[in-house]
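Below, each structure is written out as structure tokens.
Two complexes come next, and they have one chain in common, chain A, joined by chain B in the first and chain C in the second.
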Partner chain A sequence: MAQNTFYLFARREWQLLFRNTSALVQPLCFFIIIALMFPLSLPAENELLTRIGGGVIWVSAVLATLLGLESMFRSDYHDGALEQWLISPRSLPLAMLGKVFAHWSCTGLLLALFAPLLCMTFRIPPDQIWVLFLGLMLGTPSLSLIGAIGAALTVTLHRGGVLLAIIILPLFIPILIFGAGMVTQQAIGGSTASQLYALAAILVLALTLSPFAIAAALRTTIN
Partner chain B sequence: MNLINAFFSSIWGFLNRSFHRLGSPREFFKISNYATPIFGLLFTVLTGYGAYLGLFVAPADYQQGDSYRIIFVHVPSAWLSLFIYMVMATASAIGLIWRMKMAFVVAICSAPIGAAFTFLALVTGSLWGAPIWGTWWEWDARLTSELILLFVYWGIMAVYYAFDERQTAERAMALLAIVGVVIVPIIHYSVEWWSSLHQGATVFRDGGPAMPASMLTPLLLMALGFTFFYGYVLFLRARNMVLDQERKSRWVRELVKSSRATGEAQ
Partner chain C sequence: MSQTNDTPAMLAINNLECSRGDRTLFRQLSYSINAGQCLHIVGANGSGKTTLLRSVAGLVYSPKGKIQWQGENIQSNPSYQSTMIYLGHSEGLKNELTSVENLEFYSCLDGHSDQSHVDGDLAQMGILECADLTANKLSFGQRRRLAFARLLHSKAKLWILDEPFTGIDDAGRALIETICVEHLDAQGMILLTNHRTLSQSRLAPSLAVLDLMDFQSSLDHS
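Right after this comes the complex of A and B.
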């Protein structure tokens, strides 16, 4: 039943996302537009763009994840599905892990796969693209897992979006620092191992602890 | 063996009783009647004496001259910004696990005080940094993580005030406070993990404090005084909150009535 719960919730989320493709495409479009606004607003120097590209792409990924998070539980809350999960005998943390996994595979994973393309417009050298991709693959699942806690806390509020940003962005900052720091380290020829390990450690912590926090948050806010 | 058992069970019983007494708003209010002025007095004496020692008695630094004296405000506020966070998170956990009303009150009342100390640590730090480092602000690990702590405090307060229903609000806030605990070790070890402009641990380090007693004594006095100040303000805020939350209960009505009567008599 344990595996089943994870799979069931993941499959449900995938079905919902693929039937409503705008939810799938929106964060990705947002990601690309935000990232491409930086070259337009900065002096047109290729060297500068190469230097800041990694950070810009990381910031855009964080913001795009945030955009996707807001709707994570909203429709489930409005159609009553969320209440059914709370009273069902299935393990809520495991179910939420499945849901977040499916959600990540349609937002964070897509962002990570698209990031190398964006890197080319910033003229980032290939070795740094590789490092950036690795960092995003390790960092975006943590973003989704930690962000889901905030989404669960704010799901009942009418204007939860701004509040979600206020409570979750500070918790995203360490991931952002390590992820963008990796690219900078690679650019100056240093070792990226420490940042990589830190991102991996954060992911392990988020994978093991945040499902319980998400479940507790849902049980708190929904009476 | 039996003796040891009896000893521990009596201690546990005492802790349990006092815990439960503190858990009741009415008992808390009674205790705070005595505790608040004591905390206020200790704060005044310790901070007053500490400030006197720090500003007039302690010698000037051989490199930084007199400007180093801001340390007596900066370091205690930075310590307290973390200490208050840990108190808040612990109280939140107690509240969530044992459903204790007063624990939530302590947690919520601590948040603005903690945010204020974080802000004070940042401001005094940049005032100190301007003449000594030659910069108001530097994007370095210690400074950045302290700034994040300020944002986390704000987020926790924002969550509490976003919900209409008190129970939901305090539990949501408590949950976020516990999640945010991850930031505390990052701040604490930031100066060791990353080479940073900020100096490393000077007081609590292997091999004892790297500071003469004439400077260390006022620093510790100020830190202790600041802690009592936190306790004092916490009691004041918590008393207000308890009165507001229990305004419909009998003991509060009686309290209001009797204080009105004495007010009229005067």
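Right after this comes the complex of A and C.
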């Protein structure tokens, strides 16, 4: 049996990302720089930074994900690879799920792993760091999956970056609310379960539906 | 393998009309191709050659007219995509990957489980010395040769080639003609565009010519 479609596309994406390290490093650097600007620009009150830290890190993660999304299908469109996937006998939704998974593991996953370090500059207590990390681990895959739909829709546009942000950022808001809300709840000692379930539900929805939406968006844009 | 006359043509185009933006490129185009035939599509720049090839490949959908493979519409025929290969102007090669990795990916995509033929294919295309070079270090002609290496072990019956001889030297041209002739001998089909006539080429015996200009004349009067 020929190689599994999911693994074939995920492996190819990893190969490409590790050869082109700027795509790997850029979102991460962007994430760290944005988050670090807040402690530098705000009044030096420890309590203030601790209170807003979770939200700031979430906003930075959303913006850094957006930065990585723009190039997701761009080069595949320009060199003709995208056309070949569309007419291949392989399942396009499964292929795209593999591609997005590899993409997330090099952006969202990295951001989530670096977030605890950033928390130190905000003096966020350890119990909230743990909650923030968990939220990012659940939320960033949804960001990548939903964002990929927008990337697929704007791939043929010459300057699609701004349009992509306008289409996609409103869809990121629920994830942002639940993710940042989880940290706030933990800070005031409340239960974080409802936000956690909401993030998990969004992830399940994104995992099951967005591969089909990405495939349909690619088929309509490449015509 | 003998073919009886009453089986439906392998690939049949019925009353196809294609447009690009507001402009109708051609209309009422009907043609059918059988196993072992090579169809050379000719026409001026902008007459719709590439659009026709992309329609047959299933990349462009035209609501007017039908394209059928073995009597079934290509959109509703899931097996069609595994019997067809399309090589367009852009080769679909990744600059970051080496020749071997690029070819292996397409070989996997085409459903081959065994990748041991890849080196041999590169050698046959005369680019074995580029096997471990990344694609951005290849010349234009070498990239074309790499793209065509995919045809060597393809199981596809229908090859759709857009300007296959562009950017290729005489030796490469002879090589591609040989591959095409072997494919036609094995009851394959080829649909191609080329700006120069192919009547002197080795494809000539099984060649049919379709001039898109013939399907444009009706546009002027309407």
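Methods note: the second predicted complex is superposed on the first by the 220 of 223 C-alpha atoms of A that agree within 3 Å, B and C clash if a C-alpha of one lies under 4 Å from a C-alpha of the other, contacts with A are read in each partner's own complex, and residues count from 1 in each chain.
We take it that a residue touches a chain if its C-beta (ideal position, glycine included) is under 8 Å from a C-beta of that chain, and two chains touch if they have at least 3 such contacts.
Owing to the predicted nature of the structure, the values given are computational and were not obtained by experimental measurement.
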| item | value |
| --- | --- |
| Which of chain B and chain C A:223 touches, first, second, both or neither | both |
| Which of chain B and chain C A:207 touches, first, second, both or neither | neither |
| Which of chain B and chain C A:48 touches, first, second, both or neither | neither |
| A:83 touches, of chain B and chain C: first, second, both or neither? | second |
| Partner chain in contact with A:137 - chain B first, chain C second, else both or neither | neither |
| Contacts of A:171 with chain B and chain C, given as first, second, both or neither | first |
| Partner chain(s) touched by A:36 [first = chain B, second = chain C, both, neither] | neither |
| Chain A positions touched by chain B in one structure and by chain C in the second | 223 |
| Chain B residues touching chain A - in the complex, by the definition given at the top | 96, 144, 148, 151-152, 154-156, 158-159, 162-163, 168, 171-172, 175-176, 178-180, 182-183, 186 |
| In the complex, chain A residues that touch chain B | 146, 149-150, 153-154, 156-157, 160, 163, 166-171, 173-174, 177, 205, 213, 216-217, 220-221, 223 |
| Chain A to chain C touching residues, read off their complex | 1-3, 8, 12, 15-16, 19-20, 75, 78-81, 83-90, 222-223 |
| Footprint of chain A on chain C - complex, ascending | 57-61, 78-79, 81-82, 84, 86, 88-97, 101, 105-106, 108-113, 134 |
